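Dropping the structure in here first, questions after.
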Amino acid sequence: MNFFLISLIKTGIVAGVFMTTLAYLQWIERKVLAHIQSRVGPYRVGPHGLLQPLADVVKLMTKEGFVPSHVNLFFYILAPFLAVFFALISICLIPFGPSVEIFGVRTDLGLADINVGVLFVLAISSVGVYGIALGGWASNNKYSLMGGLRSSAQMISYELPMAIALVSPMLILNDLSLRTIVNEQAGYYLGVIPRWSIFQMPFPQVFSFLIFLISAFAETNRVPFDLPEAENELVGGFHTEYSSLNFAAFFMAEYANMITVTCLATVLFLGGWHPLWPVEYGSDFVPVLLMLGGSAVLLFHGLIQPVKGRPWDRLTMPAAGLVFGAIALVFLVPVLKPILMPIFWFVAKAGVLLFIFIWIRGTLPRFRYDQLMNFTWKFLFPVAIVNLLITAFAVALQGPKN
Amino acid sequence: MPQLNAVPMSWYLILSAILFSLGVAGFLFRRNIITVFMSIELMLNAVNLSFVAFSQHLRQVDGQIFTFFVMVVAAAEAAVGLAIILTVFKNRQTLSIDEVSSLKN
Amino acid sequence: MPNQPDLQLWLILFFPLLGALINGTIGRRLSKGLISTIAIGSVALSFLWVARALSELGQLETPHIERYFTWISSGDLKIGFDLSIDRLSSIMLLVVTGVGTLIHVYAVGYMDHEEGFWRFFSYLNLFMFFMLILVLAQNFLLLFVGWEGVGLCSYLLIGFYFLEKYAGDAAKKAFIVNRVGDFGFSLAVLLMVVHFGSLDMTQVFAAAKKMPLEESGGVLTAIALLLVVGACGKSAQVPLYVWLPDAMAGPTPVSALIHAATMVTAGVYVVARSSEVFLKAPVAMDVVAVIGLVTAVVAALIGTAQNDIKKVFAYSTVSQLGFMFLGLGVGAFSAGIFHVVTHAFFKALLFLGAGSVIHALHGEQDLSNMGGLRSKIPITYWTLMIGAVAIAGVWPFAGFHSKDAILLAAHAHSPWMYWVGVVTAGLTAFYVFRAIFLCFFGTYRGKAHPHESPAIMYMPLVILALLSVAGGYLPVMEWLAPLYPAHEQPHDMTLILISVAFAFAGIFMAYYVYILNPGSADGYAKSLGGVYRAIAGKFFVDEAYDAAIVHPLEQGSRTVLMNGFEEVIVEGGVNATVAVTRWGGGFLRLLQAGNIRSYAVYILLGAVIFLGVMATNGGAR
Amino acid sequence: MDLILFIIFATIAVACGISLVVQKHPIGSALSLIGVMGSLAVLYLLLGAEFIAAVQLIVYAGAIMVLFVFVIMLLNAGEETIKGRSWPSRLLGIPLLTVFLGLLAYLLQRMGPSMGTVTFGAFNVGAKEIGRSLFNHYLLPFEVTSVLVLIAILGAIVLARKEIDKCLN
């Protein structure tokens, strides 16, 4: 039963962190977009708008769950839950860190580890289309139907390059279990260049990484591939007819997918929790320095040179600065180090990828539908195939691994 | 009642038999081409189940290989079949299998 | 075979094949110069390669065999793609490639104005390829490939002007008549397989040699006779000679190369090659000798009454082949082969000369429209004259030696053969010189304006003329001596003188009839009456064949096969099948309602039945 | 434990199968078929066929059924209409089906006892074994299948190109 207890605890932790991240990811996105467009973004609720997500949740929950007539009720209700379910389930397969010792219990950081993990992530992401498609169809509205059709077609189409892009690092690391894959990426060339699969010999997987990223955008219906919810063509796309919690569910699904995909990219291409450069060159102090720098900036702006017209900052900013400093100190505690460092690196990489997601949303316009299809079928797919071939040849030339 | 962590082999086969018969029933008594097609897929799945069960029973990979091939062929079949259904619908504006009873209309 | 130099004999075959392929595929787009270069070059190359191989091989006490790959392997019968050179085939190789080269050169000039230049040369090279296979083959099946191949090429080349009906007919005739012979040949091959279990010549001959006489008699005689049938077909012997004169429908170089120098001697070659078999089958030997003699006489007689210059030479070819067979038949294989060589020289010369005459007269072939060309085309005249003298067997020209070798052997075998042969030799001299005189002497009776042929045409003539003069002194027989049991060669001076005398008699007769008092020929013809008509009508052999074989065959197939078998059995069967099918279909159509679910029910029914069977006889264990 | 899982998912599978047959609307049938496939995938896992389970999800649930749903939406297929008759299926259908099931049951119960039981993890087949056997022993069938798939792609494009374009815009 010990096993069940531990996994129960782990599940609880992961679920909690995951949910919070979902909520705050949206906040971060709005902030980043705002700054890209030189606005301030959500600011009113709580210090520096930090409570905005809470407010959103409350708002969504208190809205009336309006069910239009002539909808196919069963599927109309089922769709958002399917979407959320499939979006949340695949996080269980992501390994966040090595197996560590906590309170005398040795366990893996990460929920499940099955031998064909990659395939299962693929499987779940490919099943994920049903939520959107059904929702679009069930709400008995031509715009929604269009959205549903588009999303299903688009997801099927982008499955291929994504899968093929995943295959080539598999060839190099030759295993399907995500944990083994991360372990395969440990170590450094020449002592500095990490053996992540985007750098790994015999054929660095830069191209498959890019292909994976692009098709990930499409899989998660993000800009520039957010055709299913293109406001200016189909009013709200597949979620035109949805409101309150059902609507929220779709959004949760989207963000959950983003996180999952970025974690997957981190695991497969960016070497999971392995630091960017070896520990002996002091990669352990990166988080400390970052945090300390952040707290310094905060303290400076809070105490010495406050920003005009923001009375609260005098209070909140120093407080935040102190919190940052505390975190920095936590990173220095030797007992917690083996647990925190991997998680830090993992989160850092995933975070960078998430930022790229948001950044691109703020930057790129939306594709036209035919452009979208041509792009995947006539460009991404062939490139992925060629990349796969080259990798296969390189691996074959390199000969069997140890 | 066998012990909790061992499933009798025959149960898998019975399950696959039931599913297969369900597929046959769907094929016989449904009139919508798409539903009929899905019944066929159901039968294929039932057969796959018994394939995998036998591969487990005989401790051989081959059964799963066959399942793999069945899946690939089913995929091809689905692609072509659905395309045919699209064409049929375009030509006759019906999906009822009983109305599609002549090669040329 | 160990300790033998690897001579890459396959190259000998490869060059002509390559030439044929190039000219046959892209020749249409190539310039004439390029085509002729390829054609001549390929043949010349293989000639050089043959020369090189022979110089490497030196004395050739034992045949040089090169085995390349197993071609057919069924049960314990293994047939390899093996080539070999022994003393016999070395001579044939030299003749084929050498004369072939000369004739190719000549043909470039002769065919210059013709359509399908490239086609002609690709056929010609293909012929060389197959002929060389025939000569080089180490087993009978490969030899048969070459055998059929040259048949095919001769068909293609006879029918070269396939727009004219006579050419097509002649081609078909040659092909069909050859089929008869080839059938015999293939039967012989099968017999060998049955009795010796192998087709490799060395093994077959070894087996034949050590086969005791009492049991060998039947088998070997049968094989030998069947081989003779094949040889008769290919070498135009009685009764299968009828195709050769018609084969003159082809272009003259073809007549020279295929139907005088090389292909028609294939029969002789095969008989000589399988001498072991023949020596054990005296009956077959006699048959060969008689056939040869009859052929020689008949052809010579017919030759005296032909007015087409090429026909004359064609019949003389037939009769010369008859002489060769006579030689073989009386056991003088080396003499026969020797005659093959010399005949290749002077007959090629005669044909090429005739060709040059025809060329000069713009396609005029009828002797009655020639005459007095001596001054107009001197080179042709002199070379032709040399050829005529050579074929007439006047000392010291080539024909003399070989022919007299044969005749002496014949005398040693049985004197009457000698006498008939001598008379025939006289006839030969007569009709050849008749042709010469009618062509070159007297007054010109034609209308076209003759002109001497270009150098590319008469240079081969000159070379061949020299060969016909000196060819008699080639040590062919000595070279072949170790291959064949020495038959006594009595240099009986009187016999030699007699034959020479007959030759001169023939020449003089021709001179008397056609020079001293021209036009008297018709008188003699009348006085001869029926005999002359018979001769002029070629003894009505063709008509006889028509009546005896062709017509019955046509009638039979029309009545029996078409009206009987085809309409009653085949059509009846088809109609019956149709009726049954239609009836059954009409019944089964009731099931084919076009309703998929019904079909599903039928399938389910089948499955249920199957399961029922399984359940009853306890399957699935 | 295995037994419980088996019973749960077998029940789900059978229930979904029944609903496939009885559902009025194609979409309902499609979803229930997806349910069947999902539970079958779990059963494959129980049988130690991880790879097949994953492929089952990817190919069947992820690709084929998406196609089905897509087409159903495209044609906006509604409740099926009772038109036309198939006498054989009406008359023979039920009895034949029962006989069929009975025979199957008979055979199974006859061979059932001799089959023994399945315990999880007794015989696990990962992707490596499948791949090895697929590319050594079954190479030719594999290649042939690839050709078949190519042909199918071409056929589908040729058949449905215009229709899809028309329906999409």
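We call the chains A, B, C and D, going by the order they appear; numbering starts again at 1 in every chain.
As a working rule, contacts are C-beta pairs under 8 Å (C-beta built on N, C-alpha and C of every residue); 3 or more make two chains touch, one makes a residue touch a chain.
Predicted model, so just to flag it, every value in this text is computed and none were measured.
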item: Two chains joined by the most C-beta pairs in contact, as defined above; value: B-D
item: Between chain B and chain D, centroid-to-centroid distance (C-alpha), Å; value: 5
item: Inter-chain centre distance, chain A versus chain C - centres from mean C-alpha coordinates, in Å; value: 87
item: Distance from the mean Cα position of chain D to that of chain C, given in whole angstrom; value: 72
item: Interchain centroid distance [CA atoms averaged], chain A/chain B, Å; value: 36
item: Where chain B touches two or more other chains at once, by residue number; value: 24, 28, 31, 98, 101
item: Per-residue overlap in chain C, given as positions that touch at least 2 other chains; value: 593, 595, 597, 600-601, 604
item: Chain-level touch network, classified as line, ring, star, complete or other; value: other
item: Each pair of chains that touches, named by its two labels; value: A-D, B-C, B-D, C-D
item: Residues on chain D engaged by chain A in the complex (per definition of touch); value: 25, 27, 31, 34, 50-51, 53-55, 57-58, 61-63, 66-67, 69-70, 73-74, 76, 124, 126-127, 168-169
item: Chain D-facing residues of chain A, complex; value: 72, 75, 114-116, 119-120, 122-124, 126-127, 129-130, 133-134, 136-137, 145, 148-149, 152-153, 155-156, 159, 163, 176, 369
item: Chain B partner contacts - residues on chain D that touch it in the complex; value: 1-4, 6, 10, 13-14, 17-18, 20-21, 23, 26, 29-30, 33, 36-37, 40, 43-44, 46-49, 51-52, 55-56, 59-60, 63-64, 67-68, 71-72, 74-75, 77, 80-86, 89, 93, 97, 100-101, 104-105, 108-109, 111-113, 115-120, 122-123, 125, 129-130, 133-134, 138, 141, 145, 148-149, 151-153, 155-157, 159-160, 163-164
item: Footprint of chain B on chain C - complex, ascending; value: 593-597, 600-601, 604
item: Complex contact set, residues of chain C against chain D; value: 593, 595, 597-598, 600-602, 604-605, 607-608, 611-612, 614-615, 618, 620-621
